[in-house]
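Given below, in the form of structure tokens, are the structures.
Each of the two complexes below includes subunit A, the first together with subunit B, the second together with subunit C.
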Partner chain A sequence: MSAEMKSDLIALLKSIAPEVEESGLQADRPLRDQVDLDSMDWLNFLIAVHEHFRVDIPEADYRLLVTLDDLVAYLSRKRTP
Partner chain B sequence: MIEFRLPSLGSDMDQGKLLEWHVKPGDAVKRGQIVAVVDTSKAAVDVEIWQEGTIAQLLTQPGETIPVGTVMATLLAAGEVASTMPVTPVPPVAPALGPAQAPAMPGAAPSSVLPALRKPASPAARKRARELDVDIDSVTGTGPHGAITIDDVEKFARSAIAPVPVPAMRTVQSAPAVSVAAARHAEMRKAIAAAMSRSKREIPHYYLSEAVLMRRAVDWLKRENETRPLIERVLMGALQLKAVALTLKRFPELNGYWRDGGFQPSTVIHIGVAISIRQGGLIAPALHDVDCLALPELMRSLADLVKRARAGSLRSSEMSDATVTVTNLGEQGVDTVHGVIYPPQVALIGFGRVAARPWAEDGALRVAPVTIASLAADHRVSDGHRGALFLAALREQLQHPEEL
Partner chain C sequence: MTPHAAAARPAVIRKAITGGIAPNLIDYAATRASFSWESARAQLDGMRGGGLNIAHEAVERHAQGVRRNQTAFRFLSVSGVRREVSYAELSQLTNRFANVLRALGVGRGDRVFLLCTRVPELYIAALGALKNGSVVSPLFSAFGPEPIATRVNLGEGAVLVTTASLYRRKVEKIRAQMPTLKQVLLITEEAVSADIPGTLDLGELMAQASETFETVATAPDDMALLHFTSGTTGRPKGAVHVHNAVVTHHATGRYALDLQPEDVFWCTADPGWVTGMSYGIIAPLLHGVTSVVDEGEFDAAHWYRILAEERVSVWYTAPTAIRMLMKAGAELARAQALPSLRFIASVGEPLNPEAVWWGQDVFGMPIHDNWWQTETGGIMISNFAAMDVKPGSMGLPLPGVEASIVRRDEKSGAVTVIDTPGVQGELALKTGWPSMFRGYLHEEERYRKCFAGGFYLTGDLAMRDADGYFWFVGRADDVIKSAGHLIGPFEVESALMEHPAVAEAGVIGKPDPVAGEVVKAFVSLKAGYVSSEALRMELLGHARKKLGAAVAPKEIAFLASLPRTRSGKIMRRLLKARELGLPEGDLSTLESGA
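Take a look at the complex of A and B:
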């Protein structure tokens, strides 16, 4: 479940930043330290996540979404009511 | 007969390669319509036409590289009779290269800019050359009168990637793509080098900077975004652009062009937005009439512009008509930008990172979000005093985000 979610997230990330290589990403380290994402890229990434997983992401939750692991945990929480 | 010429697509661009036509002879065109896609050293650009009429002849073939100012097509104006159309078909070697309108880049244009005389080549050979990313001018023709054939193109493509004959087909297709990306990157660096060298050589820059308290702007934006769905959220960059545009209305000497030894103020505010390209390099296409756009609209236009800039589908008017530039390097964590003006513009406004900093206020020291706004301006047009007033006005404008 979470492995599938992670690979989906990486695919979405690649749509924004095509140079991303899965092997070079550390899931427990801040994503924006590892990938060159400006705020426009980040917003577009979250919009892609929102559309793909059909979850709403209030701006107040941005601070919870730092690493790939964070995103997986957040999405799992949001999807199991 | 109306002539449609290749427009200038920015001061660092003096030639372009036609990728495709969006119109054919007999088509009626209207102002602002996209008629062709032209590859500059920076991006593939959708070229708009600003005359109305009916396309009579297309004089440039896809794949051809032509200097700015070359007549690419002829049009019939409304009411003009078709009998003025030449009966003879356009030869495949059509466009005469001279006398192109010289780009206004004294000293900056490399001497080898103009391509050599066109070689004859069949349309099929040109098509094959495009498919294989082969520069047709480099191919030696073996056909009648030295015309380039499909065979010549294919032979050239093979020899270009490996001296060993008969390589596997896979190699033939993938190798040129890599070298094209590298060549494109080199071209872009050359274009940036030309524009920036010209800027530093010709424009006497002066630089000012000002710390701007961003508490109100940050709080206001946060409140606004809380109520907006994800896809309608506004970024600080859009807010800053609007603040710059509104402030510029009161400082016309920072908005316009230095041309022919004098300043031409602009009546409109088209902000060039510096956008970094993922593969390296930089492009600064224009957002039009920023002072007139409501913030959500501005945000959508900005998001669209960034997306198209990175995907390489900008319009010709966006490439050439920015009247001032804004760069935001705060994202990478720098405090201050000392900008290089994009000629023939006369000012560049920069924003650093919005960060929590100590801030003295009412006799007390507090921590508040602060950004450093900077101005690089052309001393031929404005002086430090006016520049300082501009930054002070910009600072004040950012204290009233609700007006933006």
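Take a look at the complex of A and C:
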């Protein structure tokens, strides 16, 4: 479940930053320290996540979403009724 | 284009002075009449023998005076650590950095490049280098390897201050292409080993260095800052600024930002750009105020918390950020009480009337747009605290600044001033203000072309209304303005052309509701290559790796061929007209920055 989620997230990330090398990503480190993303890229990434997973991500929650692990945990939580 | 007020909103926001803190500038006409740059200069210390040094005025003047224990910077790190540095401490830290440079044989006029996020060391290095008489050139940390190498080489960088992770990601591979670079100083990071061959550990050097240093008595016309900006063609331009610019930084901090001794000031700009240097570092220190520095990236909820928790009273930000806050909703904005906030200013691109009004609705005060450029070194036209605001207008010229709308004769180059209100022309400034750029490094001809008839010609199209308010209309050239930053299409096109599949590339600014414009590239392919989604992603990745996220295109489209003029130049304007669905024959409409 979470492995699948993670690979979907990486695919979404690559749609914005195709240069990302999956092998180099550490899931527990801030994504933006590892991938060169400006504010617009980040926003577009979160929009893509929202559309793909059909999960609402209120602006106030952006702060919680720093690492890939954070995103997986957040999405799992939101999707479990 | 005529100024458009938001529907059902009055065209003017009237100001009344009602108790509270009196603004520094109350009577515009009287202040303007009595103002002189000489008297503005007299408010600063200066140094022996007629010398002037930005770092002395910003740091030492307070460190030796009554404000020595006042907090100069309040650094908020990404990990949530809050670090306060007083003027006295800032003096010692910047002395240490100046000694580090001196011990490495880096001296007066040598160029020190900075490449890092908004960590304390960036601020210390900038001011320390100025104390040493060295020239500071900041680079935006989102630049990719190519923009970094191009700028370091153009500026003949002797020293680069960066972090181990940025060095590994962006510099290591291109180090050999930067022959002037003698030293790389790495800022110590948690959990990242800084033990990299060919670099020095800045933390260690700082610890060993003395905390006393006698600031170099630079001359007012000595080079202090080198800011790179983009033109339509060719390489980035290195705009040269001198120590005398500090007179403008001080005067504009006073009038345009209304800085007063008890203020907590927050400039959200990154020092990689001119705003973050002039107003994120220098101007608040000149006024002895406390400056908040947030290392993190934009985040609406976090920003409101900073405004509230740090009791920010004067806030200087940018239209893209404001539009992102607007998107996040008024509810989030109103969740925090902001009793300390008293003045909001914005710069980078014209602020749309809706955004000015949004400030009025959400914060109870309009957002004050102002206008300037890398070349002007400081704010030139501004909406002042005590002045009526016409939403959508950039305001009135600063005291000491003479702004005009002019027309350039294409053939003779002669300049005519347009006095009739409401007529569009090029915005021009009478030369002679202290922070005027003194050159494009190694490009005398390009510099000379910016001046005619005693004016600096800004390349921005504008108009002035009957009350003297200036209104931005558009760029006179093809330079792209994204999130307030200028991006030269040529630099982006060149990087795309380096890919083996690309035959030709044309790059435009595509209008975007948040960023103003985003970079869009059109490419045609060499024989043997076929357009596909996979190739599109490959080109996007290629451009991002070379240029970095801040400069690379956000969109790439394939065309069979690109439209060219008879002389072979790619017609970016035609590409833009097509993108916008404008009639292709009527390209003049693009002049108005459609």
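Going forward, the second predicted complex is superposed on the first by the 81 of 81 C-alpha atoms of A that agree within 3 Å, B and C clash if a C-alpha of one lies under 4 Å from a C-alpha of the other, contacts with A are read in each partner's own complex, and residues count from 1 in each chain.
In this section, a contact is a pair of C-beta atoms (placed from the backbone, for glycine too) under 8 Å apart; a residue touches a chain by one contact, two chains touch by 3 or more.
Everything quoted here is computed from the prediction, not taken from an experiment.
Student: For A:A11, decide between first (touching subunit B), second (touching subunit C), both and neither.
Tutor: In the superposition, A:A11 contacts neither subunit B nor subunit C.
Student: So, A:E19: does it touch subunit B (first), subunit C (second), both, or neither?
Tutor: Both partners, subunit B and subunit C.
Student: For A:D56 in the superposed arrangement: first (subunit B), second (subunit C), both or neither?
Tutor: In the superposed model, A:D56 contacts subunit B only, not subunit C.
Student: Using the touch definition from the top, say if A:I47 reaches subunit B (first), subunit C (second), both or neither.
Tutor: first
Student: Under the stated touch criterion, name the partner, subunit B or subunit C, that contacts more residues in subunit A.
Tutor: Of subunit B and subunit C, the partner in contact with more residues of subunit A is C.
Student: A:D33 in the overlay: touching subunit B, subunit C, both, or neither? Say first, second, both or neither.
Tutor: After superposing on A, A:D33 lies in contact with subunit C but is clear of subunit B.
Student: Can you list the residues of subunit A that touch subunit B in one structure and subunit C in the other?
Tutor: 17-19, 36, 38-40, 43-44, 59-60
Student: List the residues on subunit A that touch subunit B in their complex, please.
Tutor: Where subunit A meets subunit B, its residues are 17-19, 36, 38-40, 43-44, 46-47, 50, 56-60.
Student: Per the contact definition, I'd like the list of subunit B residues that touch subunit A in the complex.
Tutor: Residues 222, 225-226, 229-231, 233, 235-237, 278-279, 302-303, 306-307, 331 of subunit B touch subunit A in their complex.
Student: Report the residues of subunit A in contact with subunit C in the complex, numbered from low to high.
Tutor: Checking each residue of subunit A against subunit C gives 14-15, 17-20, 30, 32-33, 36-44, 59-60, 62-63.
Student: What does subunit C use to touch subunit A in their complex?
Tutor: For subunit C paired with subunit A, touching residues are 78, 142, 144, 165, 169, 297-302, 320, 324, 327-329, 332, 483, 514-515, 518, 537-538, 540-542, 544-545, 548-550, 554.
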